[in-house]
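Take a look at the structures listed below.
Two complexes follow with subunit A in common, the first pairing it with subunit B and the second with subunit C.
After this line comes the complex of A and B, so read on.
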């Protein structure tokens, strides 16, 4: 079955480290995805207003492009893109009235009925490759690295599009174990990072992010892995401001789960795009001997 | 202008900005600003309107489909669908309802290209309204040049300046995209900025072009230009007729003139 890859806006610019590490890893794992040549914003946030159909048009158009490409699946990396596309796909599949309105409005496109399946990269890894096969391909195991899996809000909510049930974090945990790392569980894995609240707050005032980072540190996590550029901004890029304001007492370096995958698979280090990560992340990886081999 | 060939059966050819109705030509009804006019079929919208008595002081330019001065919105009676075209290129159809939109008051930001860099943030700062795009695609549907307008706005949001520059290459700045945008985005001005940033900061500079520009600045061709501009008409004509010319189908790089002193 043909798989379309939907990048998402941030991944082409600020979060190239999320994308490049992932695509290079797929090459090593022998999974073929076709990047969409025409795509637009995913919608960023799924609109909850019952009559706000205009904000469904953007995400629906992406799903139509995947259908046009002949794809059975569309895979995404960013949690928010996944969430918005998956929820609009549900609407197009299950709500005939709204679907017809949207299809009629988009008279420049083919009709869409939710035929394409929206999957997250983590699910794709499990279903198309499997943890044992990944373990077998690991050339540079992440020994001695204590990682906390961070899901944030949008990978599991609402239930009908969740990549796994609330309270369960096996996809990321199993992946990191397969990569040779030690997984640290903590109560902050599905707590909000503060989301867009940062726009109207002073730097360092994001108490939601502070809570997640403090919980991770208290549980002995050396590193926090996520799949969302907004989470990475709130938890990673804003960490220094949180530290300065005393909202957190310890640094917890952050990176994307795809970067860990690429490192363990021995992907060329320029595809890790570590220059986009914070210095504390690079320093920790250095100290843990993760950067030496490739 | 009208040219008549009197030895042959009467054939009139309409050229320039005056439309002449050939004998026996059928006329069709069109509606300009709601008022009905009978105009000859086969004319372009622009010529049909001139035939009907309108005179274009603005809203007409090259008459060749490239200057972007004559964007037109029209609808055919009995159908809700709006259509978009250039008045100088689109042929009239019966019962066409026409509206000219020669100018659209879209926001155009001021910038000094030398103060920018190759980063997309500059575009985002000058045109934050691009993030109001909801991907409705009405801009693309309005484009008379078939540019995928929404796709280049998406590329700009993604920080992909080169992609935006390439997709928007055929834009003629007519402004019809903006006239349809619910996000009030000035797509064509944003695209122009993307192309300028691409050319100034991203696209590799051609070494030979830079070198030639320096030669020109240093005065290499000044004498030649002075000679030509002071030459009398007969000598100039003679020079023109005797000029060496690259054959039309010559393979690139295979032809050189006999006289190489100006190369």
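After this line comes the complex of A and C, so read on.
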């Protein structure tokens, strides 16, 4: 079955480190994915209003593209894209009335009935490769690295599109264990990072992000791994400002889970795109000897 | 809680509050400021909650003074229609508030927003920041014992303002240096949620 890859807006620019590391890792693992032709923005947030169908058109068009191009699955890396596409897919599958309206609106496109499956990269790794196979391919285990998995809001909520049940973080935790790292569990793994609220706040005022970072630090995490460019912005790029304003007391370096995967699999270091991460992240990886091998 | 604060707390909840001379409270202006409660001034504007004590105070006023003129059936209908939910199902347990990561920055906690929505008190919710602070993280929705998707109610309240062509944030006023830093996903999501 053909797997179509949907990147989303930020992964071609500010979050190249999320995408490049993932695609290079898939090459090593022998999974074929093909970037979708003519993809468009998913809208980042799912429209919650009952009468708002126009905002479903963008994501639905992506699903139609995948169907047109003969894909059985769409895989996404960004968790907000995953959430939006998966929820619109559910709507197209389960709500005949709204589906017909959307299909009629896009009368130049083929009709879509929810045939394509939307999966997140983590689920794809588990289903198509499996943790044992990944463990076998790890050439540079991430020993001595204490990582906290950060899911954020959109990977688990609402329940019908969650990649796993609420309160369980096995997908990311199992992956990191397979990569040889030590997993730190903490209560902030599914707490909101403040999301798009930072757009109307001054840097350092995001109390939601501060809570997550404080919880991670209190539980002894040396590093926070996420799968969303917005979480990375709030928790990583804004961390210095949070520290300056005294909202957090300790730095917690952040990076994308795909970068850890690429490092452990011995992917060429060019593909890690660490230049897009903060200095504290690079420093920690250097101190832990994760950068020396490749 | 200090004994003095406890005392004020106690006074303000009992009928004794009506009998105590305002002079008593004037003697302890600092305490009144901290407790943000002035039983002698019905127009007292409560500051934004910043301490646990403020939050407690906000939640103490669970009773809504109500009469038939105040209730707006059309507003209830509009909220229900836009959200696709039934706000009357809410039993005021406050689970949403305890789950909300933004609650401590909100003027009204989610429970109170639900309470006001149940009576269609849109006017009283015009100036509160609660539904603008909501980040649609669904922490409340997945925990609601009555199965209400509270995030959708918050969205409905936002849309009731946005659909009158009022922006909550003005994109043109965001400084260029900030825009340069912002990832695309932040601007798409932020403008979708906070502009008309």
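By definition in this document, the second predicted complex is superposed on the first by the 294 of 294 C-alpha atoms of A that agree within 3 Å, B and C clash if a C-alpha of one lies under 4 Å from a C-alpha of the other, contacts with A are read in each partner's own complex, and residues count from 1 in each chain.
In the analysis below, a contact is a pair of C-beta atoms (placed from the backbone, for glycine too) under 8 Å apart; a residue touches a chain by one contact, two chains touch by 3 or more.
Not measured: the values here are computed from a predicted model.
**Student:** Evaluate whether subunit B and subunit C can sit on subunit A together after superposition, giving fit or clash.
**Tutor:** They fit: once the shared chain is superposed, the two partners occupy separate space.
**Student:** Tell me which partner A:55 touches in the superposition: subunit B (first), subunit C (second), both or neither.
**Tutor:** Once the two structures are laid over each other on A, A:55 reaches both partners.
**Student:** If you stack the two complexes on chain A, which partner ends up touching A:106: first (subunit B), second (subunit C), both, or neither?
**Tutor:** first
**Student:** Using the touch definition from the top, say if A:31 reaches subunit B (first), subunit C (second), both or neither.
**Tutor:** Neither: A:31 stays clear of subunit B and subunit C.
**Student:** In the superposed arrangement, does A:241 touch subunit B (first), subunit C (second), both or neither?
**Tutor:** After superposition on chain A, A:241 lies in contact with neither partner.
**Student:** With both structures placed on chain A, which of the two partners, subunit B or subunit C, ends up touching more residues of subunit A?
**Tutor:** The larger set of subunit A residues in touch belongs to C.
**Student:** On the chain A superposition, what angle, as a multiple of 10 degrees, is formed at subunit A by the C-alpha centres of subunit B and subunit C?
**Tutor:** Placing subunit A at the corner, the angle measures out to 100 degrees.
**Student:** Applying the document's definition of touch, where does A:9 land relative to subunit B and subunit C: first, second, both, or neither?
**Tutor:** Touch partners of A:9: subunit B and subunit C.
**Student:** Please work out whether A:166 is in contact with subunit B alone, subunit C alone, both, or neither, and reply first, second, both or neither.
**Tutor:** A:166 contacts subunit C only, not subunit B.
**Student:** Under the stated touch criterion, which partner chain does A:39 make contact with: subunit B (first), subunit C (second), both, or neither?
**Tutor:** After superposition on chain A, A:39 lies in contact with subunit B alone.
**Student:** Give me, in Å and rounded to a whole number, the least C-alpha distance separating subunit B from subunit C in the superposition.
**Tutor:** For subunit B and subunit C in the superposition, the minimum C-alpha gap reads 6 Å.
**Student:** Taking the two structures together, which residues of subunit A meet both subunit B and subunit C?
**Tutor:** Common interface on subunit A, subunit B vs subunit C: 9, 13-14, 41, 55.
**Student:** So in the complex, which bits of subunit A are touching subunit B?
**Tutor:** Residue positions touching the partner: 7, 9, 12-14, 38-41, 54-55, 57-58, 61, 105-106, 108-109.
**Student:** Per the contact definition, I'd like the list of subunit A residues that touch subunit C in the complex.
**Tutor:** That would be residues 8-10, 13-15, 41, 43-45, 47-52, 55, 78, 80, 153, 157-159, 166, 190-192, 194-200, 207-208, 211, 228-230, 233, 237 of subunit A.
**Student:** Going by the contact rule at the top, pick out the subunit C residues touching subunit A in the complex.
**Tutor:** The touching residues are 81-84, 101-102, 104-105, 132-133, 135-139, 141-142, 149, 151-152, 155-156, 159, 168-169, 174, 181-194.
**Student:** Flag every residue of subunit B that touches subunit A in the complex, lowest number first.
**Tutor:** 120, 133-137, 140-141, 148, 150-151, 154, 157-160, 182
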